[in-house]
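Heads up, the next two complexes both have chain A, just with different partners, chain B and then chain C.
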Partner chain A sequence: MKPKVAFFDFTSCEGCQLEVLNFEQEVLQLLNLLEIVNFRELMTERSDDYDIAIIDGAISTDADVARIKEIRERASILITIGACSSLGGVNCLKNAYPMEEVLSVVYGDAAGYYNTIPARPVSAVVPVDYALPQCPVNKAEFLEVVKALLLGKKPEIPNYPVCAECKMAENACVFDLGRTCLGPVTRAGCNALCVTWGRHCWGCRGLVDDPNVDAATDVLKEHGLTAEDIVNKFRIYTAWTGGSE
Partner chain B sequence: MTHLKIDVHHVTRIEGHGNIIVNAKDGAIEEVRWEVPEAPRFFEAMMRGLHYHDVNYVSPRICGICSLAHNTASIEATEAAFGIQPSEQTLLLRKLLFHAETLQSHVLHSCFLVAPDLLNVGSVIPLAESHTEVVVRALRLKKFSNDLADVIVGRKTHPLTTVTGGFTKFPDESALKSVRPRLLEAIEDLDRMVELFKSLEMPDFVRETEYIALKRPDEYAFIGGDIASTDTGSTPPENYLEITNEYCVPHSTAKFTRHNRDSYMVGAIARYNLNHSQLLPKAAETAAQLGLTAPCHNPFMNTVVQLVECVHAAEDALAILDHFIARGVKNEKPIEKVQAGRGVGVVEAPRGLLIHDYTFDEKGYLVEANCVIPTNQNHMNIQKDFEALLPGIVNRPEGEVKLLLEMLVRAYDPCVSCSTH
Partner chain C sequence: MEDKVISKADFSSMVDRLIQEGEYDSIEGVKTKDGKYFFGSLTNSGELCLDYDVTLLPPKKYFLPQRETVITFRQGERPAPEPVAEASSVVLIGVHPYDLKAMELCEAVYSAPPADPNLMIRKSKTVVIGVDCLNPNPQSFSASMGFATTESGYDLMLTDIGDSYVVSVGTDRGADLLARYGRAADATATNLARRDEVREMSLGRYEKSLSMPADEIPAILNETWDSRVFAEKSEVCLSCGSCVMVCPTCVCFDVEDTVALSLDSGERYRKWDSCMLTDFAKVATGENFREDRESRFRHRMHRKGKYLLERYDKPGCVGCGRCGLACLVDIALPADTYNLLKEAS
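Entry: the complex of A and B
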C-alpha cells in the first residue's frame, strides 16, 4: 500500500506549500509513490487517516497548539518544511515586543477581538522527526528526504556551514566587500544561493548544531569575529530562543 | 420545515483559511457569513526597527504566491521615501517580473484551483488522467513562468536580486535567449487553455459593485499610476487612505475596507473594467473569443479575465525580452540614497491593488508601516455577493448551494494568509 501523506499549514506565507506544488512534472512522479490524502490548498477531499504529516508554518495561536498536538498523535512521521515550521521563521520577529503591543499596532482599538501568542517552531510544542528549514523550503532536499523515507533510509541533513558551499560556488566573500554574512554559522544545503545572487546569508536554514564547533572557523578568524558576534547581528531567523516546552 | 445549514470550515483550494456559514429555514435566510480565522502574523508591528534592505527582504514573506508584488511595492515605497528614481532598465525588468508572476499566479488559480469545479472533480489530480494534455500544458506554463522569474531574481518565491535602487545581479544574454523559445511555447499553451475555458460555463450571476484598480495613461497598469475607481475617478497613491478606509470585525482577523459603497472589488475584473481599452491586441481578441464585454459584473468571470491577462502578460513579456536580447542588460549598480521620510508604493498584484506605506528614520530603519492587501479589499465584496447570490439559490439542494458559494469564493482567488499579514 502507498503511504498516506497529509499536508497541513499553520502560520505562514504558504510559500512552502507553493514550492511543493512547483515540483510540476516531479509532482506527478511522486504521486505514483504515495497517496496525498490532505492538501487543503490543492484538493477538496480530506482525511484524518495518514502516515506522514508534512507541516509548514509556525505555531502562533492557542488553536495552533491544539491542532499540531492532534496531528502529532495521528502521524507516525512528522516533517516540518520551511523556516517557519522548523525555526519559527520571520514570525518570531514579533516576539521582541509584548503581544498587547503588536495587537494594538496592527488592530488599534479593535485589538481586543483577537488573540496571539509568541510565535514558535513546531518542535517547541511536539517532537519533530525531520526538520527541513529554508525560506522557502528547498524542493530538491524535500524530494530527497521523501524518497529516502519511502525507501526506508535515514535522510542526511548537512551539519557544516554555508561557507563550505559558498567557496565551492567560487563566490567572492561578502566580508571582503565590507558587508556581513551569517553563512559561517548557518547549516549548509542551499549551495549558498543568496550569496551567489549578489546578497548575503540571512541564516534561513538555521544554525549548525553547535555554532562554536561546527562553524567556518577559518572565515571567522580571517575577519576577527566569533560565532556569537555575527549571530547577534542577525535576528530575522534567529529570533526564537525558547527551546521546547 | 427545511433547514439549510452550511458550515464549511476552511474552504479548500484557496490560499489560506476561510469559512462559509449559512443558516436558512424554509427559504428564509437567517445567517450568511464569510469568516476569516487565519492566524495573523503582525508584519506591520514586527518589521519596525529593521533596516530597509531587511524590510524589502522580509515583506515578501507576507505572501509566497505574490512575493514579487510585495517585494516591488516594498521597494517602490522605500524609493519614494528616499527620493530615488530607478533607472529605465530597472523599471522594465520589474515589469517583466510582474508578467512572470501574473502568469504563474493566474495559471495556478484558473487551472489548478478553479477548473476542477467546472469539470466536476475535487482536485487537479484526477484531471491529470482525464485531461492529461491540459494539465501537462498548465504545468509547463507554471514552470516556465517560474523559470522566467528565476533567470532575473534567482528564486521566484522570495526573490533575491531585487533591492531598493535596482538589482544585485543581471541575467546574461544566453539566459535570456534560452527562455525565448519557451515563451513562444507558453503562448501556444495559453491558446489551449483559452480553448478549454471557451467550452466551460461559468455560473450566471450579476452584481454590480465599485471597482478599484491602478490606472496609467500609457499602459494596462501593473506598477505605479493613480488609484482609479469606477465610481469616483482617480486619486494619487499618497491619498490611498481615503480609498481603503480599513476597519475590523470580530469574525475576521483580516481587516475589511469600504469606499463609496458598502464594499468594492479589486483584481482582474476591476483592472479589466477600468483599463480594458489598453489590453494588447491578442489579449483583446482573446477577451472577445471568451465572450467578455466591458464592464463585467459577474464575479465568477474573474478567472476568465485572468486568462485574458495571461495572454496580455505573455505578449508584453515577449516584447520586453526581445528588447533585452537586442540591447543587452547593463550591469547597473543599485542607486543608494537614504533619508528620513515616508513613501507609498502601489502595484497591481495578481489579486489586485496592493499598497505598502513606510516611514523611515534618517539611517534607513523602519519606524512605521502599513500594508493594504488585495484580499482585504475583497472580503466585504465576497460577503455582499453571498447576500445577493443566496436568495436565488436557497431552495436548491444543500450540496449545490455549498458548491456555488465555494466557487464564488474561489473566483476571487483570495489570498487569505496575505490578508492577515
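Entry: the complex of A and C
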C-alpha cells in the first residue's frame, strides 16, 4: 500500500509547496509511490489519516503550536521542508522586537484581534525526523529523501560547509571577487547554487553542526564588514537561538 | 626524445585543426572566467590561455571526476550490478609540471592493487600537452618540491620562448599528434638555450619556498607529532574542505547509492571527499576518530608530507599553492607548516 502523505503550511510564502508542485517530470512517478491526502495548493480534498507529514513554514502563533502538535501525533514521520520550518528562517527576524510592537506594525488598529509569539522552527515545538532547509526547498534533495524513506534508508543530509561544493563546482571564491559570503559556515547540499549563478551564499540552509563562527567572523571583518553587518548577515536565516525539542 | 619548435601562430592553427577535425571527442584547455583560470572545453584556439598562473581546479577532474557513476544495478532479488567505466578521447592542453607530477601520484594510487581501472582508462585516452609554468602564483612552492619543470608525465611539453614554443616530445603518441597536426621544425641550439634561460628565470618568481630540502619533510613530521604548531594553526580552521577539494594529489572519495524514482534501478556513484570535513572519519557507531580540528589538520600535513610518499614513493604534495590560495584563514599551505615545524624542531 502506498504511504499517505499530507502537506501542511504554517508561516511562510508557500514557495516550498510551489517547488514541490513544480516537479512536472517527476510528479506522475511520485504519485505512483505516494498517496497525497492533503495539499492545500493542489487539491480540495482533506484527510486526517496520513503516515508522512511534510511541513513548510515557521511556528508563529499559539494556534500554530496546537496544530503542529496534533499533526505530530497523527504522523509517523514528520519532515520539514524549507528554511522557515527547518530553521525558523526570516520569520525569526521579528523576534528581536516586542510582540505587541510587531502586531501593531503589521495590523495597526486591528492588532488586538491577532495573536503572535516569537517565530520558531517546527523542531522547537515537536520532534522532527528529517529537516530539509533551503529557501526554497531543494527539489533534488526532497526527491532523494522521499526515495530513501520508501526504501527504508536513512537520508543523507550534508554536514559540511557550502565551500566544499563551491570548490567542486569550480567557482571563483566570492571573497576573491571582493564580496562576502556565508559559505564557510553554511550547511552544503545546494551545490553552491547562488555562487554558481553569480551571487553569494546567504546561509539559507542554516549552519553546519560544528561551525567555526569565530573564525568566519574574523574573515568577514577582514573583508570589510562591521560587527553589526556581520550580525545582520547571520540573522537573516539563523536568528532562532532557542534550540529544539 | 627529440625537441621541436613551433611558432605561436602555428600552434594556434594546430589547436583549431584539432577542434575542427573532430578526431578526438573534445579538446580541453585553460580558459579564463572572473579573472581566474580553469580547464574547460575549447571551441577555438583564441580561448586558450597558456601564460596562466594556476587553475581553480587541477586537471585531475578529467581522470577522477567530482562525481562518477561506478556501478549500475537493479533493485530486487537480482541486482545484476554492472561496472561503469566510460571514457572519451581528449586532448588536454596546458598542464603545468606540478599537475603532471600530481597525476603520476594519482596513477600510482589507482593502479596499486586492487587496481581501479576508471582513472587509468581515461588516462590512456587522453593526450596531454603540458606547458612550463613561467608565472607561478604567489602561494606556489613547486620549485622547492623539485617540480618547477618535469621530464615525464606528458606527451608534449611546451615552453614559451617568445614568438614560439619549444616542444619537448615525451611519447610516440605526442610525436604522432605533432606530426599530423602541427608545423613544427627541429629545435635549434639557440631555441634550447632560450628555453633553459626562461626556465631559469621562472625560478626567481616563486614567493614561497621550503626552508629545508623536500626530502627532510618526513623526518621533521616524525619528530613533531605533539608540536603546538598543529593546535595553533588549526584553531581558525573552518573545516570547509576547500584545501582538499582544490588539491591535485587528493584522491579520496565517498560512495553513495541512489535509485531512480521508479525504484526499480539505481546507480552507485563516488564523489570527492575531504579529510578536513568534520564527519570524514565518522564511522557507523557514531564514533569520530578525528573529531577535532587539530587532529584533522595534523593528519592532512602528514598525508601530504609523509604517508603518500612512504606508500607510493611519490610526494603527496607538489607545491602548486592552490590550497594556500583557497584557504580563507591562511593555514592550508603545507610549506608554511613544514617551515614552522622545522623551526620548532
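Just so it is clear, the second predicted complex is superposed on the first by the 223 of 245 C-alpha atoms of A that agree within 3 Å, B and C clash if a C-alpha of one lies under 4 Å from a C-alpha of the other, contacts with A are read in each partner's own complex, and residues count from 1 in each chain.
Heads up, the rule we're going with is that a residue touches a chain if its C-beta (ideal position, glycine included) is under 8 Å from a C-beta of that chain, and two chains touch if they have at least 3 such contacts.
Bear in mind the structure is a predicted one, so any value in this text is a computation, not a measurement.
Give one word, clash or fit, describing how chain B and chain C relate on chain A after superposing.
Overlaying the two structures gives chain B and chain C room side by side.
Can A:20 be said to touch chain B (first), chain C (second), both, or neither?
The answer is neither, since A:20 touches no partner chain.
Is A:175 contacted by the first partner chain B, the second partner chain C, both or neither?
Once the two structures are laid over each other on A, A:175 reaches chain C alone.
Where does A:212 make contact in the superposed view: on chain B (first), on chain C (second), on both, or on neither?
A:212 sits against chain C, while chain B stays out of touch.
Once the two complexes are overlaid, how big is the angle at chain A between chain B and chain C (Cα centres, nearest 10°)?
110
Between chain B and chain C, which one contacts more residues of chain A in the superposed model?
More residues of chain A are touched by B.
Between chain B (first) and chain C (second), which does A:75 come into contact with in this model arrangement: first, second, both, or neither?
Touch partners of A:75: none, neither chain B nor chain C.
Report, in whole Å, the shortest distance between any C-alpha atom of chain B and any C-alpha atom of chain C after the two complexes are superposed.
The answer for the closest chain B-chain C C-alpha pair is 11 Å.
Taking the two structures together, which residues of chain A meet both chain B and chain C?
The answer is that chain A has no such residue.
Could you pull out which chain A residues touch chain B in their complex?
Per the stated touch rule, the residues are 9-19, 21-22, 24-25, 27-28, 31, 36, 39-46, 60-61, 63-64, 89-91, 93-94, 96-97, 101-103, 105-108, 110, 113-114, 116, 119, 135-136, 193-194, 196-199, 202, 236.
Along chain B, where are the residues that touch chain A in the complex?
Checking each residue of chain B against chain A gives 10, 12-16, 39-42, 44-50, 54, 57-58, 61-65, 67, 108, 112, 116, 122-125, 128, 139-140, 142-143, 146, 153-155, 157-158, 160-161, 167-169, 247-250, 253, 255, 417-418.
Taking the touch rule as given, give the residues of chain A at its contact with chain C in the complex, in rising order.
26, 29-30, 32-33, 143-144, 147, 150-151, 156, 159-161, 163-164, 167-168, 170-173, 175-177, 183-185, 208-210, 212, 214-216, 218-219
Which of the residues in chain C end up touching chain A in this complex?
33-36, 38, 56-57, 61, 66, 235-242, 245-246, 256, 258-259, 261-263, 271-272, 274, 277-279, 293, 326, 328-329
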